[in-house]
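Structure first, commentary second.
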Amino acid sequence: MDQGIFTTYESEVRSYCRTFPTVFTKAKGSLLTDQDGRTYIDFFNGAGALNYGHNPEYIKRALIDYLESDNIIHALDMYTVAKGEFIEAFENRILKPRGYSYKIQFPGPTGTNAVEAALKLARKVTKRTGVFALMGCFHGMTLGSLALTSDLGSRAGAGVPLGNVTHMPAPYMFGDEFALNYVRTVLEDDHSGIDKPAAIVIETVQAEGGVYAFSNEYLRGIEKIARDNGILLIVDDIQVGASRTGTFFSFDRAGITPDMVVLSKSIGGYGMPFALTLFKPDLDIWTPGEHNGTFRGNQLSMVAAKCGIDLTIDQQVEAGTVRRGQIVSDFLTREVAPLDDSIQVRGLGLIWGIDVAEEELAQKISRACFDKGVILERAGRKNAVVKLMPSLVIPDEVLVEGLGVIRDAVAEVFAARG
Amino acid sequence: MDQGIFTTYESEVRSYCRTFPTVFTKAKGSLLTDQDGRTYIDFFNGAGALNYGHNPEYIKRALIDYLESDNIIHALDMYTVAKGEFIEAFENRILKPRGYSYKIQFPGPTGTNAVEAALKLARKVTKRTGVFALMGCFHGMTLGSLALTSDLGSRAGAGVPLGNVTHMPAPYMFGDEFALNYVRTVLEDDHSGIDKPAAIVIETVQAEGGVYAFSNEYLRGIEKIARDNGILLIVDDIQVGASRTGTFFSFDRAGITPDMVVLSKSIGGYGMPFALTLFKPDLDIWTPGEHNGTFRGNQLSMVAAKCGIDLTIDQQVEAGTVRRGQIVSDFLTREVAPLDDSIQVRGLGLIWGIDVAEEELAQKISRACFDKGVILERAGRKNAVVKLMPSLVIPDEVLVEGLGVIRDAVAEVFAARG
Amino acid sequence: MDQGIFTTYESEVRSYCRTFPTVFTKAKGSLLTDQDGRTYIDFFNGAGALNYGHNPEYIKRALIDYLESDNIIHALDMYTVAKGEFIEAFENRILKPRGYSYKIQFPGPTGTNAVEAALKLARKVTKRTGVFALMGCFHGMTLGSLALTSDLGSRAGAGVPLGNVTHMPAPYMFGDEFALNYVRTVLEDDHSGIDKPAAIVIETVQAEGGVYAFSNEYLRGIEKIARDNGILLIVDDIQVGASRTGTFFSFDRAGITPDMVVLSKSIGGYGMPFALTLFKPDLDIWTPGEHNGTFRGNQLSMVAAKCGIDLTIDQQVEAGTVRRGQIVSDFLTREVAPLDDSIQVRGLGLIWGIDVAEEELAQKISRACFDKGVILERAGRKNAVVKLMPSLVIPDEVLVEGLGVIRDAVAEVFAARG
Amino acid sequence: MDQGIFTTYESEVRSYCRTFPTVFTKAKGSLLTDQDGRTYIDFFNGAGALNYGHNPEYIKRALIDYLESDNIIHALDMYTVAKGEFIEAFENRILKPRGYSYKIQFPGPTGTNAVEAALKLARKVTKRTGVFALMGCFHGMTLGSLALTSDLGSRAGAGVPLGNVTHMPAPYMFGDEFALNYVRTVLEDDHSGIDKPAAIVIETVQAEGGVYAFSNEYLRGIEKIARDNGILLIVDDIQVGASRTGTFFSFDRAGITPDMVVLSKSIGGYGMPFALTLFKPDLDIWTPGEHNGTFRGNQLSMVAAKCGIDLTIDQQVEAGTVRRGQIVSDFLTREVAPLDDSIQVRGLGLIWGIDVAEEELAQKISRACFDKGVILERAGRKNAVVKLMPSLVIPDEVLVEGLGVIRDAVAEVFAARG
């Protein structure tokens, strides 16, 4: 396959292919193979959608069996056995053991669709139009979600002023205490100019913002502010849910119960397009079809998602994530952070960032990694954070090999800078 | 599978399951089977996403083979063999033979995402914020697309005022000539209060609006107005593209060349989540990643979509659609329209509407069809249009059987009314 | 006074001085005098704010007496004798004899402020955000009013997209019947894309739009549509109220009772900044101070406005306007319209337009009038309508002299065109 | 005059009359008289519009002379002698001696109109839509200005979501340094979610916010941030300009030069409706008439404003304000602040606030002052700040008498609380 087919016909909007300029063919576990037979260790993880690795056998068999049997594939929101089995697994194996009671909406198969559905419902329930989002956040690219999303590059694409959203400082900007105090202040000050919002939307770890994990104190504080003011708390767990941080929901660790939760990416199990909007039962004031979408009932995604839940529980993915996360944490602290005073390493579970402060350095490190056989992406302010997001079930030896490559790349780039 | 699992845990937003209250299991060609073993003829077609029927063998084999070989499934916008093969097929078998030159954007796997991408690009290219849409249109449910979408029920869900869109009368409301004249007038009148838009977005057949096919004269007229005024013409071919009207693009018949085309639903071949935004090469001023989305590179969708193109050409789906469309047209004209003076039948290719003017009647007909073993949905003003949208490759005998059921249902309901 | 003081220090936004490039000093009745001692007949009338002519003695004496006695001048919305006397006169001499029951709001001393207040209250009462305005309308230049105002030049100044307003075709564009039918259609069609508005805002004569008087049938029709749909009808009588059309309120002739009425310009009697927002008592759900403004209680304006009402009634201004209007109508019909086939004359009472279809022609006529000693402005599409708006108490001989000058100017310009 | 005329016919929106429930007749200097012959010391000052006191003889004579001579009163933006004389005085006596070079726009006779004009021009110049305002600010009640205005009561009246404005913390909320740092941070952070604005709009003393004077350091800091980022700095000097703080422009003390300045209230000299929008000459890219308004050329206002400038310079109003301000400052510090630990006094020049923290207390103090013959208003958070804003030329003995009344009222109310 000549790359010319892409450069000629595919829009200039394409991006990852510019970072990884090769044609991929096979993928298994934590390894990717290109058409030249070269193999790459995957620390990119499909932008967070492949927590169980590429093509896990358990899910693959289920998908093939489902296809072979001519089971219904495309069903919108009709009732199907596959959807019923997913719901059962999700309620019985995920929600109930954690003490959560949520209704499930299948809002369409993308994260941004799930966010849009949550925003609609929050506005409908509260009869307010405004929403608070945090600086550093990313919530999607359709117009409603985009108004939340904080990076200038994404926002510039809107082509219209983005409204009905107010951005609050993230806790790492001026400290946890200030971040909470600021929100409380603008809500209580009758001259803040900021109208009471329908909802506060947060990620517990800002991934695109540069891998910042929020403290449990902050999370509990923001929940309390929301409760005290009759504002809905929405957690966008699209990237760091599905066990990425070491617990299925990233907020489990804080003991909070959001009013709504948005899931996508790895909830699809196999990289299948899938998304969920969860909310407390008393918020379920939707009228039938008030939000819809053609692909909200892809049954292959239901099958894969149900299998993903099985894997999570049966293979104790959460515990494995905690254990592997410690390996990464130790490695970065001991072997990467010391390479230069300007380097900061941050993370939780199996999402980590190496912040090198300058865009050009991060770009060179990313390229050096690719050249050495490791795939990863950049994130954060100035795109200066090298983001590590391996599969949650990556074999230890592959994990360690990949980490070594990254360390070497960082060392090399900083050495070259002199 | 007890339906209680859905009524307890799935949000009240679910809708088709209320019209078709059973649990589906298998699907093949134009037949659906529920868990009680009952079989239904499918005139619903997954809301237009299953033009090749359920689980066509040619695509099914390709999907299973792709899965079995551990080919890469989830690839965002990296280069892959599957994507390259889709692009080649689409350019060489669809675009070039028709004389179109379009760049391809994979904007995310849903129609609304493709519309949002088109709106962003149109606004970026023209530096204008407004867009014209037509009364009766449906373009999606995320905030940018929703501002276009015309039905009050969908709009009410927004929770914020929907802006930057002006609705123009559809040609069937006051006639083709008036519809064109009105648009030209508001553009030329320096006191119309309506600012020049970035784009005019149309469907050539308004499906959700109640199955209204626009004349070639109207389509050519609106293209001319757009050209004369430096406004981009965007055709949303999500529901009636992919040969539904008898030509691959629904606008082929009019000899127009939109500046942008939006495709989804049946372009995915097998009901797989997939969408495309096409635009003339000189409009491709996107910066890398300016619009993105996690599931914009599902390779199963690429594989299925490529196979769908093969089917289209190799099995002469367009011609088959024209032939079957004539069967439907003849049948409705001769056997359904005469059942009551209030009935209107409208359509093109294999999308047809039986407009019975009253919501309650349409609801009863739809329910009677379900009871008699035919699945179809309603659309249009007051939801009073019974919509027929069978697979484009439905066997003649199944088509005729389904039509007979529909005629009987209509007759029965009108007879009961007295 | 050297004009350089203005061209050096006053913003380029200045406009009328470009049409009338001289420095004015005195003004009395229908005559203006510049610093060179040249006298002009005034058919411009301060853009409609001087219905009783310049510096009428009756009001002048009252103003000077008020000033001499050190009565309170600036009072916001405190209670004062002058305000009380205005209210009494307005209620007893204007509203009650006509059978209207309105509460009075003093929203600030400009028309646009009065419109903004009306919009706020209409939205508050109905809990809806949208408003209908008519193509061709002008309602002011602050952001809320500007969203209504229809001419592209004014709208371009906004610098932000103007929302929450939908423009309906004016009756002269496609006929009365169509204009009404169109509004009714978009309100009743559940797929029009146009949400039910809080209010319909109209002028009964579009002055800035090019001097189009709406028929009584249209006015009654739009009132009925508003009533049938629970929408408030707001009449903006800023330019054509205060007897301009031959009745104090311009809508008196049609027998309608708007829910709200907005007045400014000549209500101030002496060209004093003044405006009123009137509404039916049951709509008065304002909380104290919810809309305010520093200059909402200028007592000189109250005094002048009260005197203006005295003049209206005591000097039978309405009847005089009708009589003089007939003179203008006859003259234009007999002596101006026949000058060229392209000329249209339109008007009512003492507001008339000579539509010459081309901007350049109108500009030349306006300039020729100025050179010959008559001041008037242009309006309408392409600014091609020469607008005649003399004082309502202009002496007949001055009126006729001015008309003669205008006829000569039109004749001259058309003759020069050949 | 019976108050029933107002309670029956004037809208419930009326407000000051509720605080001062009597009918006023005469006004001179710092004294108001009601129809019962009772006299009040005026510390309210027409909400800041009467810096030279009520009906100053110098201006009164000029107004009467102007009226007596039948000079032109209403002139829109035509050239007149009165306007020329105002411009000359303003340029030569105010701007040039201070080293400022501004073009003058007459945007209409209200402060909010002047703000709307400034916003339009800032957006036009920068081609950006957003604007920064400060928490605690007040900039007017028409839709564009209202989006800036920060108090919830005013904002709630909008009836539509207010957009295109972001509120920054005021310096007194978290300190000067933080306030500046916060603005710089959100501008420099590429993930702040806050797009670069067209302008930063500030008051140097937030009057309605509760009488908070900003430090010179803050003012210089915000000017520097604006300059560094290509953002226009707009100072709204409507309430605290015209010498209120001891210098003609309130920002003179800080040595900054805003890109635009907005003036109204006391610039009208005699309480006449008047407003100015000033901007650096290179920003004057208005097209003729792009912003307009009927009452932008009231010549009585021009005359009074010119005389106000004469008074300012000839009677050394600035120095007098500084001297009298010291009297107030000393008095409040020594005699009012010590009355209770909860009391804060704040101010500059002749604008002062007594912050008693609780709405009910402030209301009682205001009422007690009225009963004892002093008129003043409340402002700020919870309306808990008693605002002192006497005329700038108030005789010392009246000033001291009024202060004594206020002290007694405060003492009495706190004593009653126990």
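We just call them A, B, C and D in the order they show up, numbering each chain from 1.
One rule holds in what follows: contacts are C-beta pairs under 8 Å (C-beta built on N, C-alpha and C of every residue); 3 or more make two chains touch, one makes a residue touch a chain.
Because the structure is a prediction, the values reported are computed rather than measured.
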Higher-contact pair (C-beta pairs counted), A-D versus B-D: A-D
Relative to chain D, chain with the most remote C-alpha centre: B
Length of the line joining the C-alpha centres of chain A and chain D, rounded to whole Å: 49
Intercentroid distance (Cα basis), chain D paired with chain C, Å: 30
Chain B and chain D, separation of their C-alpha mean positions in angstrom: 58
Contacts with 2+ other chains: residues of chain B: 129, 153, 160-161, 163-164
Residues of chain C touching chain D in the complex: 1-3, 5-6, 9-18, 20-28, 32, 35, 46-50, 54-55, 60, 63-64, 67-81, 83-85, 87-88, 91, 103-106, 108-113, 116, 119-120, 122-124, 129, 140-145, 147, 153-154, 156-161, 163-164, 198, 238, 264-265, 268, 270-273, 277, 279, 284-295, 298, 300-301
Chain C contact footprint on chain A (complex, rising order): 160-161
Residue ranges of chain C in contact with chain B within the complex: 129-130, 133, 135-137, 148-153, 155, 161-167, 169, 173-174, 178, 182, 185-186, 189-195, 208-210, 380-382
